[in-house]
Structure formats: C-alpha cells, structure tokens
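Below are structures written as structure tokens.
The following pair of complexes shares a single chain, subunit A, combined with subunit B in the former and subunit C in the latter.
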Partner chain A sequence: MSSITDSKTTSKLARSPNIDVDWQGLSRNLPMFLLVVGVIWFLISFFPMQKALTTDYMVSSVTDVGNFLLGLVAFFAIIEIVLYIVLVRILQWRYALAYMLLAPGAIGLATLFVYPFIYNIAIAFSNRSLQHFLPGAYDYSLDYGITNFTSVFTGNVLHDTGFWEVFFRTWVWTIINVTFHVLGGLGLALLLNRRLAFKGVYRTILVLPWAIPQVIAALALRGEFHYQYGFVNNMLVGIGLPRVEWLNEPIPAFIAATISNIWLGIPFMMVIILGGLQSIAAEYYEAAEIDGASGWQQFRSITWPLLQPVVAPATVLGTIWTFNAFNVIYLITQGGPAEKTDILVTALFKAAFEFYRYGQGAAFAIVIFFVLFSVSAVYIRMTGALKAVTE
Partner chain B sequence: MSTQIKPRSSTLTQGLVRRTHGDSLLKRLIIHGILIFSCIIALYPVIRVFSVSLRPGDRLLTTSLDLIPADASWANYQRLLSSTDFFLWVWNSLLITITTSIAGVILAATAAYAFSRWKFPGRVPGLMLLLTTQMVPATMMLIPIYLMFVEIGRATGLPLVGSYLGLIVAYMMGGVAFSIWILKGYYDTIPIDLEEAAKIDGTTDLGAFYRIILPLSTPALAIVFLFNFTTAWVEYPLARIILPRSEVFTWALGIRSLQAQFNTEWGTFAAASVLVAIPTMALFLWSSKWLISGLTIGSVKG
Partner chain C sequence: MKKLLMLAALIAIAAVVVACAPATTNPPAASSSSSVASSVAPTAVPAKAVKLTIWCKEGGVDLDWVKATAKTFESKNPGVTVEVINKNVEDLRNDFQTAALAGTGPDLLWTVNDHIGVFATAKLIAAAEDVMGKDYFSKFVKPGNDAALFQGKLWGVPISAGNHLMLLYNKNLIKTAPQDTDEMIKMAKDFQTANPGKWGLVFNETEPFWVAPWIGGFGGWPLDDTKIPAVATLGTKANADTMNFLASLRNTEKIIPLEADYDGADGLFKDGKAAMIINGDWSIGGYTTVTATKTIDLGVARIPKVKATGNWPSPMTAGVYFLFPASTKGDKLDAAKAFVNYFVSKDVQIDFVKKLTRLPALTDAGNDPVVTGSAILKGSFDQMSVGKPMPVVPEMRCAWDSWKPNYQEVLTAKQTGDQAAAKAQAAAVDCISKLK
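Moving on, here comes the complex of A and B:
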C-alpha cells in the first residue's frame, strides 16, 4: 500500500482565508448541542393542539425512508461483494480496498453529477418541452441543438426578455452587491478590530443577517417592502418622503432586492475580513506610528496590501454566490415586475419550470456554466486548489 | 490592602490601552455610534418579524412601527400550530436533513480515505472531478436531475419526484464532493505511522481505518455533518420542483406558501419564521466558528 502523507497539500487548501479550525472544541460540544435542540423540538412536536403531524405519519414516513435506505444499502452491498470477488480474490490487486472504499461515493457522483451533466448536454440537443414530455414525443438531433443555442442568444430566454438584457442585469447586480459587501464588511471589520467595549455583542448582532435562513430573511424583507404596511415605506413617510412602489416598478424592485442582498451578504465579508485583520502583526503598525504615518497611510500601505490574500478569494467567492443568488431574487421580486429583475439563474429556473422549455433551458444552463466557469477559474488560480490536486 | 492596589492597577491598564491605541473619547463615541446604528439595521428586520408574530389578528395590517404591539398575543402561534401543517413540514425537513447528513458523511468518509492513502490509478482525475462539481451552479443541475427522476420513476415506480426520497438522494450527493475534499484534507494530516503500527499489531487495512482513523477524525466528521445539515436544511429551489403537495413540503416550501397570501397569513408566516429561525440561528451562531473555515476552503457553489 503506497502512502501519501502530503500534509503540505492540506495547508495549501486551507490557506485561502487563514482561519484555524478548532476541531476538538467542535466535536466536544456537538453531541450536547444536538441533544438540547432535539429535546426541545421533541417536546414542542407533542404540543397538544397540533394535529397535522400524527404518530402514524411519523411512523410511515420513517418506514418509507428506512426501506429506501435499506434498498440503497443492499445495492451497495452487492456491488461491494462483486468488487471483493473480482479485485481481491481473483485479481489480488493492491488497490482493491481503495476501489471498494471508493465505490459507493463514486457510483453516487456518477449517477447524480456526471450523468446529469452529460444528460443536460443531451437535453440541449432535444426538443423536450411540455408538449414533448412523454417518451416518444421528443427526440434528439443536431438541428434541435443549433436551434436551442441560437434561441438562447437571439430569442427570449424568459417570456419576453432576451439573454443579453438578463446577462447585463446579472453583472450589474453582482458588481453592486459585491462592492457593497466588501466595503461594508471592511468598514465594520475595521471598527471591530480595536479595543472596544461590547465588541463581542456588536459582532454577534452584526452576524445575525447571515445566521437567519435565507428563505425566511428574503420572505420577511419582501413583506417589509410592501407598499402600505412594510416598514420601509412607513419610515419614508415618517421622515416626510413619499411612499415608493417597491415591488411594482422595475427600478425600485431591483433596488429592493439589492438592498436585501447587501443586508444578507455583509456579515460574511465582515467575518472573513476581521479574521484577516487579526492575523496582521501589531509590529507593522507600531513601526508605522514611529515613522509618523497617519491612519490613512497605515491603511493604504499596511492593512490593505496585507488583507489581499483574504479579500481576493472572498471577493471571487462572493461574486459566484451573488451571481447564483436564486433565493433572494426569486423570493423577493420573483423576477418581476414584467421580468425586469430576473438574473440568469432565476431566468433559467423559469425557462425550465414555469415555461417548461427543457431543451432551450438546458442550452441556457450550459451557457451560464461557461460564464461562471471563467469566474471559477480565477478563484482556482488564486487559491491554488488545482496545484493541491496535481502535486 | 487589596482594595488599595486595585484602582492603581486599573488605571495602569487604562493607560496602556490608551497608549497602544490612541482613540480619543470623541472618536470612540463615533465608533460606538456607527456600530450601534449598524446593529439596528442588522437587527431591525429580525425584530420586526418577531413583533408581527405577536400582533393579534385584527391588527396585523397596520402602518404602526411599534416593535412590541400594544396588545401582544400568541394568537398567531396558536393558529399556526392548530390550523397549518407546520409540524409536518418541520418533521419532513428534519427527516430529509438528518438522513442526508448521516448518509453523506458515511459515503464521504470512506471515499476520502481512499483518496488520502492510496495512489490508485484514476486518483488525480477523481480529485479534478470533485473540484469540477464545485464549479457547476446548482441551478444548472435542476433540469437534468428533475427529468432523470421523472424517468426513473416512470421506469421503476420509485417516487423520486413527489416524495422526499428524491430530495434525500440529491442532497446526499450534492454535498458528497465537498465532504470528500474536507475529509481527505483532514486524513492527510494524520500520520500514516499510526496505521502501520496498528497493522503490525495485527489489524487489517479496514480495521486500521475503523479503529484509528475514524475516531481521530470525529471533529472533521462533525464539521462535514454540520455542513451537510445546514445546506440541506435551508435548500429551496430543488425542493420547490421535487415536492408538489403540501403534505410533503419542507418548512421552506411551507413558509413560502403561508407568505403567498399576504393579507390573511402574514402573522402566521411570522410565527412560523420565528419558530424555525430560532433553532437554526442558534445552530449557526454556535457552529459558525467551524463552518466559516469550511465554507472558504473549497466551496464555490452557492
């Protein structure tokens, strides 16, 4: 058995933003925490008034899932036995155990990642849609593929909005959001990175927008942009400004979604940048102070350059997340009014699951993949993740 | 004596703080002002949801900005628990999430061990594949996975679409690549000598994995479990296309269905949000220290 003790690889991977992981502390506390949450939920679930969740349902659902999992286990067991007989008994190969350990995960990834990925390409070369849904009603050909791909760029990806408009809006959305995320996160991190009373309290409260499940936050904010009852308009009235039709007009709707997403995204940047700031040695600043450097000069020539290894990958990551911010757009504006706030991922979702244009949707997905792939390539180059693989 | 020493030492530290730091009183006041203002912005929408959940039915739609309504009541919670499927949704979510997390950890733990300890043919392409999965936006996989599930269902009768079995499979595999990454990295830090010593003492390859590596990796297994758990717990788009009926909704779909009727269910929506958000936020705040590092290591997916 050949061993690979490449601990260097690990450090390279983990290097992105430099945060140490307190592995031991986590494992000590996890069982206790899960137990407490579990007990609380268990108590609530037997709350006398509720009728929806009956014991029958609980039993039958667990049985369903259990049977399904047993089926999966049986399937993998057969595979393992076959592998054992072939690799260990017949071939006596030294990598036999490796392939046996790998088999379940590899089969899973093959059926739920590799196959769908290739299948998606096939769908892009078909005429599948709601009218051509059942087997026999659709077929594959190069012509369909050409039609699908050209219709992504020349036709409408939504009901009556073309690709380039959505593409352009997605980048406006991403750039505005990420800019505010980085600026807001940097500002708050700088304020928090000093000796200050209540620092821990501030930090915990400021992280809350990230801690709330995004679905809840987005839906709640959508309600708060309501014309009459939302607090945003009521505050505007309070300071003597007119109400705004946030969700019924294109530009206000885009602004509402953007504000919501900025609110959601600042804590991540703040935490990451704060981690970066804390890793900068105090000696640099002491030396700068002796030389008489002003606060701004210290920021420009010490803080900002030394933050780059943290800020750069976090920015790329933030760009990818914002580009993919399906929940925020779909739950706050639903792309409306009149598809004026759709971004690429929500447009893709609608093309497939509201207009049922699977063929064109699959072609659209491939185009989006290549757009995002170029961003990912930058990220990979920055963090050196690829080197970790090949070394 | 001690009472005499105390004030002196505190003035000393104060002096030190001021010297190393140099913030004037005015500057500190401004900093606190900005931070308090930011905290209000961060907190206000959260408190608003809580406040709406306490409003009695007839005063749900009000333009008032009071945070604690004058006649606060638990009526919305009572209505939520008695006349909606709230607990059913939470149960479905818990079932899906816990199953996928445990199964995901098992699949990843074994595969990662192979990647970490053997230079088998196909290892580098395999690692590249793991990385590639992280570059594919989740939305892109919706169409092929949905159509594939429909076809498997048609061919075998397995209800992958319409029940949560499909979601369990998809979530399990959605997190597996990332989990393998994390676990492989962690195994790599465990010296191989430990296993070799165990094998000299007479255990098999598999025994060494089970008796040495797994116990030593519990922290990493925990982070992988937590990561899978939180990802599946808050997922929305895939659940939206796989689960059509209210009886099999996850909480995310259920809350969305409450919010859809703005006028009637706004208070119920808020009550449901509070009940889901509190344990989720507690889990997040408690585990964020560990999750953040995990998030930034290799994930590109949203």
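Moving on, here comes the complex of A and C:
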C-alpha cells in the first residue's frame, strides 16, 4: 500500500512531518561564529579612525535593529503557530507543511511587492502632487488616470524630453550593454575554462567589478571621465588622441555611462557562463575532435547550444536589470547633459521626486512595468523557459 | 517538528514580553543651567525620557560642531537624547517627504530655507511662528527672518543668516581680490601664465545656484515671486547675457576648468591649484581648518562687479533654519523647542561664529566683537549686503530644473544664451503649470 495515498499515514505526515535540525552541527559552528564576530568587533574598536563607531553606537544600532528583528521573528512565529493549529490539527490537510513553509515568503512578497504595486496603480488614478500630498488631500478618479496615462505618452516626462525619445534611448542602452555583457562574459569564460596558471587569481580579479558596491564603482568611474584629471583622457592623450568632454557632451556622456555599465556587468555573465561551460561533458568535445571538428565548429555545434539553458535566462535577467539600471546613469551623468542620457527609470525618478508629478510618475511606472513584462513574456514563450514548470 | 514549534512559541512569547516591557523612566529633567545665556526663552523640557532625531544638512567639520554642541545640550537636559543625522540638501528634501508619509520622519530639521516652500505646500511642516510665537522672532536679523517668509508666515527659526555665495581667494596665490570682471579675468590669466596647470577661478559649474549672482549683476532675476503663482523670468536678455558671460570664461578667456562640479572646485582650491573660488559661507569652515591653512590664507570679498552693467552680482541670500515637522508633538515638540532655544542662544551663536565662521542669525551675536572684528565675517557680511533673498516658493524648483540643462548647453557651446534663455523660460512655465 502506498504510504502517500493511505489516509492514516497522510494524516500522520500532516501532523508530524519529518524534519531534523542538525543541533550538533549548529553547536559545533557557534563558537567559530562568535570568535569571528569578536575579532571584527575588536578590530573595529581598535582602529582610531573608527572613532564614530563606538561601543555605545554599536549597541544602540544593534538594539534598534534587534528590536525590529525580534518583532519580525515573533510575528512569523505566531503565524506559523496559527497555521499549524488550523491546517494540521484542525483540517489535517496534506499540504499543510508546504503552506507553512511558504507563508513567510508569501507575506513578505505581499507586503513588499503586491501592496506597493496596487498602491502605485491607485496613485496613477489620482491627482496627487505637491499641493495634494498627504492622505486626504488628493482624490481618485478615472479621469485623473486617463489624464496621467495620456500625459506620459503625449507630454514631456522630463522638462524638455518626451516619452518616446527616452524609450528609444533606453532600448539602445539596453541592447548595447547586454550585447557586450554576453560577448565579454562569454569570451572571458572561454579563456578561464581551460588549464591556466594562476586561474584563481585571474578569476578573482575579473569578479572584482561585481564585488565592489555599485555606488562606489560608479562614483569612482565618474571621476575617471573627468576632462582634465580623469584616467581615460590622460590615457587618450598618452596615445596621441585629443581629450574628450565625456560628461559635457551628450554622446560621449552616453558612451561613458555605457562603458561603465559594461565594466560592471561583464563579471556576472562571466560567472554564469563559466558555470555553464563547466557543466558541458568533455565527451562531446572528445567525440568532436575524433571527427575532426575545428574549434569554431565545436563552439557552434556543442558549446553554444549547450550553453543556451544558462545564457537565455541570464540574458533575460541582464536585460531587465540593464533596462532598470538607475545607479549608473544617475551617479555618473545624472541624466545629463540636458537630459540626453536619461533612461526611463531615471526620468521616472525625476518626474516623481524632483518635479513632484506623483500621479504621472505612478502612471509612468506602470507603463515601464508593462514594457518589461511584455518583453519577458514574449521571450519566455519563444524559448519555452518555463516549460518544465508547467509540464 | 514539535520541537521547532515549541521553540517558535517560546521566541514569540519572549519577544512580546520584551517589546511590551515599560520603558525605564528617568528623573525629571533639570531646568536650564546658569551657563546658558539669558537670551534663552524659558521653554519646558519634557519630564520623561525623550529621543530627538534631527536631520542636519551640515557636513564635515560643521557637523562635528553640531554634534558636540548637541552633546552639551544633552548634559544640560538629562532625559533628552539627541541623534543628529547628516543628510545633504537634496537627500534631506527627498527623504523627508518620503519619511513624512510613512510617519517615520525626524523630529526637527536643520536645513536651508528653499525647502520651506516645498514642505509648507505639502503641509509637512508647521509654521515656526505658530510653534514659538511671533514675538520670538524679534531677536533675529531681518535678512534671517525675511528668507523664512512664505505665504505671510515665518516657517523657520534662523540659525545663520546668509548661506550666500561670495568670492573666496587664496592670499598665498593672489594678494588682493578683483573689483570688477575685467580685472578678475586679467588677474586670473596672469596667475595661470605664471602657474601653468593651475586655475585662476573655479566654481561649481553644474548648478544654476552659481549662475544666480551673475544674473543679478546683469540686471535680471530667475523668478518673480511677488505674484501668485510665481512667474518665471528666465527668458530675458539678462539671463542670456549671464550665460554667455560664463561660457566666455570657460571657452574664450579659459580661466575656469572645462569641467568642475562642487567637489572638484573645492578640491582644486584646497589643494592650492586655484587662486579664487566662488563658494558659499558654509565652506569657510573647511578652508580655515588647521590642515587647510597650510595651503590657504583665506580672503573674502564680493563677487566682482559686472563691468558691462556696473552692477554688483547679487547672490541669493538665505540662511540655515530649524523647521518643525508637523508630526512632532507633545514631549518631542517640547524637547525640540528647548533644543532650538539652546542653539539660538547668544553663547552658542558666538561659538557657532567662532567655529564655523558664519554670520549668526541672532542680532545680539551679530553685534559682538567676535563678528565685527573678523575680516572674513566682514567680507561675508559685505557680500550679503548686496544679495537678494532666495525665493522659497515651490515654483523656484521649476526655475532651477529648467535653467540647469540649458545653462550647461551654453557652457558647452551647444546653444547660444538667447536660445537657452527662451528654452529655459518655456520649460519653467510648463513645469509651474503642472505643479497644481
């Protein structure tokens, strides 16, 4: 008799699923964890330059965060207890465990994504602005929504720039960046996927752009494109070329932001593709060599097709991230000069938070969402990426 | 599974007990100590423990002073804990609007007056004259009060008057300040010839706030805020001439770098690579530190007269103010008022002048020999005397945002001053119409 279909066994499973916690493992690692925390604490306290990071300050910060975390843990603990009582004890539902495990994530998603999304839709159908800012000061109506959505497409989303110009520029930005991310990542992954001395060192150095916080990297790169003191112009002068006004001219500013984003994005693709390359069985290449296939033939017939399950979703992710790449544009060019490097998300930020057009900004955000949703849906349908889930 | 649920239940009970535990109460706060000047208005300090969160736009050495003085306030007011958080001007504006919506904003703001129009229009702050009483403001200098006036009410308690641009020069590099623009150009060129790789003049070329003094010198102004709503006045010959003049400094006379934002200009001046800088009174503290004075012997003067018109440039004058968030009430409001009183007391204002080298808002402090005997503060006051109050209306945001991209296009010779002025005017008018 199948233990899955037996109702008594099923109810037993629902009541007491078999979960073992490795308490011994936890107790073995706890001293090491405490030692690491202690060393970091000592080092921070020791350095005089960290005078702002006093024990009082750390205790105060940990207390503030700790109270919040404790509250969060208590909240979810109560949710789990309630779900256990209702789903396991009372209803004896066979899927109780699955829902208990999903509950925290679902609540988090609902709070951090679903609710703000619905709220954004509501604002898009309101007359919210600086004069109508606080709750109670603005109204909702279909007319406001029509006005807001219409103004996104027919009016200026920035001071002098319309939606379509920014839309077109965003696609140019995305296509160029993703193309170079994939090509650059593929090239470096192919170079690293072989016997190579100091491979670990090269891999570490190549991953550094991804490891550095994006804000710091973007601000540093902004300095490197300075007309007089930047590394890029000094290098150009060194090879006999004239200096370029990177941040003052529209096309050089766009190129500067693009170069920076390419530099920041290649490591991610490289790591993903390297993982994919290492999962390709060596027997394919051995067979191809026996058959006399050249390097290019091996790449075209073995490597590239077998990389598709890895490259395809990475490309979709890269497209979405690059389409929404706020940090690089905002920190390096601020969308300038003269709004000529603004992409949709930076224009959206300015519309909402610098021009106080909250209703139009919310409508703008929904338009951007549908653009990306459509792209993702078409891509997933074409590639069948989610076939395994539904079959 | 049972063990896990038992553990979860225990954590939940423990967390609820800790969260609901009553806060320890401190003994009632002592009244103001005798060392505080008699100009401090007697404001009740809350009896139970209060934590005051202040968002402060000051940074660097100025922030250090604010925090140290806040500590002194704490020692005089047991039961009140003050947390001073630095936010730059733009972040403060954005973050306060967001935080106010969520009900998690600060209890007091230390910021510039151009936030008054935005915050008051969105009803995020309470009028300071409603909080402190109208008579409270009689002890401050007129420019300090004038710059906080919006829709007929005073919205901020002034901390310092001015916040204006002026010409700062390094006497180690040039002995005297130029009197007019022709002299400024000549002195800069002579300096650059004698010192290759260095600049005669630097300033923040990315923000129109640095253009504003010059438009005053050419006889114009970006906004007419006497009307409701305010009317943009960027489409004038004065604005066109201003932008053409600044572009000529860059492209023809070549006395300013081809690129310089705030940090770039500031760094060049501090490193001794620029003889003159147009910067604000908030920067003086940074140029008079022990480290800075190894390179800089600071002189302060008016921005040179525009030779073509004979007018002195009129930088926008404002100041730094305490603003009261509308959500601050009860004990926190009492603590905030006590904090404000402390910081605008004569002793603290004198200390403010000594440490930050900025003009005080308190009239009594302004008449003190510490102010009247300082060459730097005299120069700052001299510049402020030909300044004009910065409009605090929200329409000013439209003027800035419209001016900036068009001014940059003139600087880079992408369009003429006339074209830029017309485009800036059109954009500002459009923006103002959408503010409703």
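As a convention for this text, the second predicted complex is superposed on the first by the 259 of 391 C-alpha atoms of A that agree within 3 Å, B and C clash if a C-alpha of one lies under 4 Å from a C-alpha of the other, contacts with A are read in each partner's own complex, and residues count from 1 in each chain.
Heads up, the rule we're going with is that contacts are C-beta pairs under 8 Å (C-beta built on N, C-alpha and C of every residue); 3 or more make two chains touch, one makes a residue touch a chain.
Just so it is clear, the structure is predicted and the values come from calculations on it, not from any experiment.
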Which of subunit B and subunit C A:353 touches, first, second, both or neither: both
Contacts of A:92 with subunit B and subunit C, given as first, second, both or neither: neither
Partner chain(s) touched by A:109 [first = subunit B, second = subunit C, both, neither]: first
Winner by number of subunit A residues touched, once subunit B and subunit C are compared: B
Partner chain in contact with A:55 - subunit B first, subunit C second, else both or neither: neither
Which superposed partner A:226 touches (first subunit B, second subunit C, both, neither): both
Partner chain(s) touched by A:80 [first = subunit B, second = subunit C, both, neither]: second
Which of subunit B and subunit C A:374 touches, first, second, both or neither: neither
First (subunit B), second (subunit C), both or neither touched by A:314: first
Shared subunit A surface residues [contacts with subunit B and with subunit C]: 16-17, 19, 21, 226, 228, 353
Residues of subunit A that touch subunit C when the two form their complex: 16-19, 21, 67, 70-71, 73-74, 77-78, 80-81, 84, 129-131, 133-134, 137, 156, 159-160, 226-228, 245, 247-249, 336-339, 353-357
In the complex with subunit A, residue positions of subunit C that touch it: 1-5, 8-9, 11-12, 14-16, 18-19, 94, 97, 101, 118, 121-124, 257-259, 264, 394, 397-398, 401-402, 404-406, 408-409, 411-412, 414, 423, 427, 430-431, 434-436
